[in-house]
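What follows is a pair of complexes built around chain A, which joins chain B in one and chain C in the other.
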Partner chain A sequence: MTMPVTQCLLKLHEDHHNLEDYQGGVPRWCSGCGDNAILAAVQRLCRDEDLSPERTVFVSGIGCSSRFPHYMKTYGFHGIHGRAFPVAEGIKMARPDLTVFVNTGDGDCCSIGAGHWIHAIRYNMNMTVMLHDNHVYGLTKKQASPTSPIGFKSNTTPRGSYLNALNPLTVTLGVQNVSFVAQAVDWVPEVLYDIISAAYHHRGFSFVRIIQRCPEFLPKMFESWLADPQKTLLLTHANGLTLTPELSRTYKNQLAHDPSNIDRAREIASGEDPIPVGILYRNPEVPCYEDVRHAGQMRTPEHIRVGLEAELDRFTVWPKNAEPAQRAV
Partner chain B sequence: MNETMTMAPAASAGRRPAPGASPNEAVTLAEHIVEVISDSGEGAQRCGQSLGVIAAKMGNGIWTTEIIPAEIQPPARSVAGASGIRIRMGSGKVTNGGDETDLVVAFNEQALLGRVHAGELKAGCTILLESMWRGHRDPKIVASYVETVELLHKGGFRVYEVPLEDACSKLVADSRRGKNMFVLGILCSIYSLDLDLARDQIAVTFGKKDAKVITVSQGLLDAGHAWAETNLDFKYRIPVVPVTEPLIVVNGNTALGLGVLASGMDICAMYPITPATSTSHYLSECFERIGGLVHQAEDEIAACAFAVGASYAGKCAVTITSGPGYSLKQEVIGLAIMAEIPLVVINVQRGGPSTGQPTKAEQSDLLASCFGSHGDAPKVVMAVSGIEDCFYAVITARKIAEIFNTVVVLLSDANLATAQQPFPRPQFTEDWLAPPVDQTPVPAGALPYDWDSITGIARRFVPGQPGGMHTLTGLAHDRASHVAYDPTTNEEGLRNRSLKLAALQKTLKTPSVFGDPEGDLLIVGWGSTRGAIEEAVARARVDGLKVSSLHLTFLQPMASGIREILHRFKRVMTIEMNWSDRSEDELIDEDNRRYSALALMLRSRFLVDIDCWSEARGQPIKPATICRVIREKLSS
Partner chain C sequence: MDMAATFHEQRVFFSTSRRQGEGVEAIEGLGLRPALFAGYRDLSLLRHDFPLVLVAASREAITVRSLSGIVDEVLLEVAPRGIEGERLRKHALALEREIRARVAAGDIGLLSELWTAAAERVSAHDDETAKEVLRYTAAALKLDGEVVGCDLAMPAKFLAHLWEAAYAAKARAFRQAVDTLVVRLSDILRAAFIHSAAGQQPGALRASVGGAHQNMFDFDAMSRLVGRRAPKDELSPSRRRRIEGALAVLRGQRFFPDPKASSSPDAIVAFEFQFEDCASAVEAFRARLAALVETVRAMAIAELEADGRYIEADHDPFFESFGDHTLTPDDLALFPDSLVCIPPDRNASPENANLIEMLSSGLPVKVLVETRDLLEESSVGAGHFAFGVRSVRLAMTAMGLGGVFVVQTPSSNLLCLRAPIARGLDHRGPALFSVYSGAADPAASIAQYLTAAAAIESRAFPPFSYDPLAGDNLAARFSLENCPQPEADWPVESFEYADEQWQRVTERVAFTFADFVLCDRRHAAHFARVGRARWNARMRPVAEWLELPEKELTECIPYLWAIDAGDVLHRVLVDVRLIGAVRRCRTLWHRLREQGGVHNSHAEQLLAREKAAWEAEKQRPIEELKAAVTPAAGSPAQSAAGEEKAGAVAAMATTEAADVPAHSPDEAWIETARCPSCNECQLINDRMFLYNENKQAYLGDLKTGTYRQLVEAAESCQVAIIHPGKPFNPNEPGLEELMERAKAFQ
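Take a look at the complex of A and B:
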């Protein structure tokens, strides 16, 4: 079917999406919750990339942060606690044509879903992952999470938490097949946007840990970081972040880091103060599991019939002299 | 039926093969049960499987059952190491493994003892025993061998010592690996099977290997046959009904795999677990060739979630597991039910609880399947009762899952997993297949959970459909898929998810009664026990007992008409392979007795005083055992 040029242009215009096309329900997060900033950045990204809402799926687990898909106007899958990754993998395997995002909390990803997290890195399926790391269980009202700092007083650790925090960056960087790791903070929206955008453009499992404020349960946690820009270490590189002059003026603590250098990435990732922000690692060469497995093949009924008949042939006992001549033993 | 019983038990126990002895006319038998027993790795199973196929080709009914050692790496020549296969051959259709064994070929006396101790050999059973151990250089082995043979003689068994090693070493370098084909030759001679068919079967079995392997194996076959012809003084013939249509010979797990292919499902997600895994092995080998895919996930939770994700975005997917894996999947199954995502879950049951008995058959996951997953989680539960059923049930399960947007649990068990029984080659039709993924625009104003007021069914919106965008959730939700905590919406969701089972139930046919429609006793069963129950009922009816049986494929929902059937019998009893309290135990009374699963379900639904008899011995219930139970029940 051919279409006159004017109509094509009209259609293009119609198909172009605005911010409202991605705005779903009104967010019910606490005011000042870092999740709001992440939502804003993602909606902007969808608009800028002109993602088709019907071909985009946001997958999450359970937690405050996992409410995320409800606030998008795309397809969403708000599943169960800890299992966002395998659900997203199944979606991607069945439908590699869909754009898949995963929103997960530090409890969801690093505690109950930790096994899936490790394997999701290995599978390296093409999806953009946002770890909303608020260092606490928000939805269930203030229990220690694996990323809570030691000594953190919560409802389950009233005398302070007992263990050192798990570092999601070094863990991710330690897994075979890791292909993209970045860190962002919710309170620098421009950089947050740039990093999520870089993650989206990377083909593979793009893991972004976002340090996310939870004013409800950890109101003072990141105060000093907000007050002192020197406590944020911006990673810059021609292949990484390029900063606007204004940002460069505020965040003077900068480090040139080549994201292809995994050893250096691991070193930087282990630093907690200042917080490294930027792209730590990127390797576009790691194969994606859905490609390795040839996902998304079209199967016609004829294709299935022929395959099934061939399999049945292997197990068939033919009546004497009725064996089909063409059958290859 | 049981003509084998007329076979004379060892008149002169302890015969040696008589060189030159030519058997008289072959004795005609209605059926016979043969076992080939060895240490694992000696090819007994391949021998038995070939024997089964050859007999099937000739027109015998067969049922083969694998004998799996109790330990993973049992020491050689040990009682616990008995590995092998049992083949029941009959002149008509064979629906189960039958009672005790009539003839056994054993590669060593210890593995054989394993079978004797298990009570698996019929009194007077014929034993062909590898005689090499008599001349072994280790005097302990010689002593053990001699002592065992002595014991067997005394026990009334008809023992033939056969120089397997000796004969085979003349033909092959590694006689340990060639014996099985020599034994196949012996068995072909004993059961008067067509040697040409056997040669062809060897060519098929070793088709992937080089021609030399085939020639050598055929040589061993011929040698075994010749040896038996000259050295054995008996021969049987089981009348055949010539095969007129192509038959499929596979075990239950392969049949499940073929069913997955035929259902048009694209994705199977699994985590290895016995006894379900061989289905995935089979699928891994062939599924990709026709555009499907097996994903081995990091655990069963992930496998189930992966399948749910795949179903949500495309066609209904399947996840396959056994007991412990089924437990792990429960939460995700609940999600699929709540969010109304089609999903097929195959559970090849094994002994439980916990790690239980991985290689043994049990029917103890029925209640977990029907009522498992927290909250009210209505799902469809079906059970397969034979090998052919394994194939077609997957196709049905996929259809139901997709029509009703719900979870269908398909129960098989370790018994069917490895049992082989021929069935007519299926004739493919396109309506077995899943329809293509709907990508048409959703009409304006349509809602993702627009439940039909009568059936509770709602059309599913799939990613990619313009206008269908919504966020699916495992939280209580309204028709727009918005999270809703108000009591009315909550009940609306519960009502509609529950109604779907009723809607399916209205389409189910009343299962037919085996035997008269009324009588003194009705036996009710489900799953793999069907063949044994019906055989037992048939035997009891020949003896004049007014007993019938009913076998359920749909356990949830149950078809209409069952209530009326139950009421037409004076007594009703389930027979199941799971645990139920024994009334003779001191503490057990009507107030605390735990009934077996199906009995519990039937009692609660139909308010009929249904008794149960169950056994959890890890192996298929024998028809003779059921006959005894029937008699006891009728005389109590």
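Take a look at the complex of A and C:
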């Protein structure tokens, strides 16, 4: 196997990074928050894939989870509420060479940002999306989010919420052009890492819903799942997750699921107890929007000059017998 | 009739090629052709691969289509089920037939032009409905391109068309890479200018805001204001020189110039990459090598500069000594490959004498060697047919060079082989396409397509492909492409005819190399017709005769079935010289198909050995067999493998057991692998609870904290993975209560 000269030279002074190289500010999440687990997994992924910090971008909206870019020593964009996806899409469109991650919360993505979410799935741009789903608005001190369970008492639903929770997985799986859907939980870090890694390697819109604990406002929410490994259903497959023997011993509740089967994925995604964890759906054949829409011609200064001159020539009053067409003849 | 005399005459012809007596007649002027050609008198009436359409500017993978395929596609789209659809189909097929006939007659042009012309001719003999129907089908025609028949010019056109598609794909990728670098380097220069003193002059600032707002600002004041920041030239002279140099090379490269700028007066003229001889291709490569090296160098510098990773101390010496020796095959693969289409009459010309050397040097060149004559007399004059010696040997020699992609095929098979041919054009290295395009001197007006197809059937020019990078073994690299009945020496087909009593007779007739030679009028002397009255049982079809035992060969005479212009069946004797050529052709076919994995002698020997061993095993007494078979229920190898596997499983079990650390209830420990990095424990004591390289907690020095902190950390851990064990300092206050709290985590 040979390698172009350029690659050889780039490798000559290739930077290798360790975990600390990706550590931005000290996280200000509550102690015990599941966001820490996601941060650790993502930093580990960046190190293992040796992602150049200057070629990596984390984009977020508003919420606890959306503080994520502050804690990564890469490029980042802490955007406005619900608008993480359009910002990320713009970045990807302008700089397809960058690695783009989106960190969004259940309120940010599934409520105010739902319109952008649906279309981002349809656009299938190459980015890794992590939905930090703690079932509550935590940053604003406990209001019900779209994924809060029915009966959940909060500052906005003092008598308990009236509606069934929205299932982000089934919604995503129902949108045209969906290409990657997975679910992880923050209390199984090994699987969390594997799933984020698989999402990163998928070319397209990789949507990972991460169910996470909020020890401040929903401290008891996942207690039974933490106590009983049987309540976590691990999805395994040769094209999906493969578990280590240690993990298999702890989490014995496993199901073989082929990620190419979307009907089965929808069926599994609608289950809530046990919580399905793994890659639900993956289709590498779905085209990415940035590829479909790519102009095929970079706008180099020469290209712009030629285009402008052609445009201006249309309105130029030429001296007699000096029009371009006649000159060419 | 004296049958003994008849046989004697036939025998004399077989042995000496002399026609002695009345029973052995010359075939000159009879227009004989192989009997299996009976159904292929007028090819324009038959739907087959030809003519082809070289689809223009197609972004699809398939850039060459058959006319029949296109018509089928149109019909699938526009023809409804039922009688209406049938009418439409009938007219469309008539139109297809008309186009095919016109192309065979020498018409050339685009499909759309031929379609329109054919539609007018077809509808001229029909009512208005036909005209309307054909107009309707024309509207459904979604593609266009040059239509080519199976003539002598076709192979070069076909290959050039596929090469252009490969060139266009390469051009897109190359322009994308170069344009990206140009934009990034231009951005660096622009940013440097904006930050420099020159960029902060009033004039520069005025130009930067555009004409509409130029009167809104005081640019002198603005210049003074922004100038306070101590403007500086961020680019060192050497870096600026490097970037500008790289930009100049990238903008001026002639391998894939900007197509949009081609209309401007100072447009860069692209290099030409299509040649008619090897010498020109080599010369052009040499002449352009410096430009190629310069472009690769500029791309490497640009990439490093754009990334801000150019280190002068390390890279300057490297680029100073940059030359053609630095290039890798991957670098060469970025640039266009040369296409050399050698016309058949120049195969042996001095310009092409270094063909093999050029291929073996690994130059990125794709060569089409076209052969029109497989039956030429050898230059050494050995007195036997030197069929395809030059071209067949060429393909086999090229295979032996190691890195050359080789395709050998007659022109009739080109459409079927478009995928391997396209792979050959994409191959990173040289490729050879050896194509046989039809008889030099056909007998009985046999169509060129038919002669080329006969070369496949008769094993005279078997199609194959060899991809040196396809795998580690010959099975992956070599493939017999579309060879009919590869298991057999000769393909055998059913042949039906009416006998003297007008009864239908069906025979199985093999198509041999002798049948192929019958198509060429130059070799009529090797055949002799035998009148029906003199047919006898000692005359045997050539394929059958070749299989006779040695001692019977002299008792029989080989013949072919042939038909004349009136489709009357004849038996044609074959002389001994031609039989020698047939044998040689068969031998070469055996060798070739063995490479393709058919009747592989090594495999057959192994099979025979294993079979013999198995038979011997079977002969043993049943008790002994039982005793031998019971322990492993298979071969000794399987048994060994089973034991090995069992050992591995046992080892794995041991490993698994070892993976689980045995912790006594008295010991403090953390299930590190399950740690979700939530920071709870570190907030209690970040010296006692440490993170590993994956940011997961483990216990550090217990003496840096207290047992109380250990228990509190266990209680606050969200996933309950901290096990405090027993106190390590007996003097710590409140131990009794702490131990009680710790019990839940033992």
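What we mean here is this: the second predicted complex is superposed on the first by the 293 of 329 C-alpha atoms of A that agree within 3 Å, B and C clash if a C-alpha of one lies under 4 Å from a C-alpha of the other, contacts with A are read in each partner's own complex, and residues count from 1 in each chain.
Here, a contact is a pair of C-beta atoms (placed from the backbone, for glycine too) under 8 Å apart; a residue touches a chain by one contact, two chains touch by 3 or more.
Quantities reported herein were computed from a predicted structural model and do not represent experimental measurements.
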{"item": "First, second, both or neither for A:C33, with chain B first and chain C second", "value": "second"}
{"item": "First, second, both or neither for A:M72, with chain B first and chain C second", "value": "first"}
{"item": "Partner chain in contact with A:P189 - chain B first, chain C second, else both or neither", "value": "second"}
{"item": "Touching partner for A:G115 - first (chain B), second (chain C), both, neither", "value": "first"}
{"item": "Touched partner set for A:E246, first chain B, second chain C, both or neither", "value": "second"}
{"item": "Partner chain in contact with A:L19 - chain B first, chain C second, else both or neither", "value": "second"}
{"item": "Which of chain B and chain C A:I304 touches, first, second, both or neither", "value": "first"}
{"item": "Contacts of A:I150 with chain B and chain C, given as first, second, both or neither", "value": "neither"}
{"item": "Doubly contacted residues of chain A, that is, touched by chain B and again by chain C", "value": "297-299, 301, 303, 306-307, 309"}
{"item": "Residues of chain C that touch chain A when the two form their complex", "value": "172, 175-176, 179-180, 182-183, 186, 251, 258, 260-261, 263-264, 296-297, 299-300, 303-304, 307, 309, 311, 314-315, 318, 326-331, 334, 656, 659-660, 673-680, 683, 693-696, 716, 718-720"}
{"item": "Contacting residues of chain A [partner chain C, same complex]", "value": "2-10, 12-13, 18-19, 27, 31-34, 36-37, 39-41, 43-44, 186-190, 192, 213, 215, 226-227, 245-247, 249-250, 296-303, 306-307, 309-310"}
{"item": "Chain B-touching residues of chain A, taken from the complex the two chains share", "value": "24-25, 53-55, 57-59, 62, 69-70, 72-80, 83, 85-95, 97-98, 115-116, 118-119, 293-295, 297-299, 301, 303-309, 311-312, 315-320, 322, 329"}
{"item": "Complex contacts: residues of chain B adjacent to chain A", "value": "53, 56-57, 203-204, 207, 242-250, 254, 258, 261-262, 264, 266-267, 269, 286, 288-293, 295, 297-299, 301-303, 305-315, 317, 331-332, 335, 422, 425-426, 428, 430, 433, 437, 463-475, 482-483"}
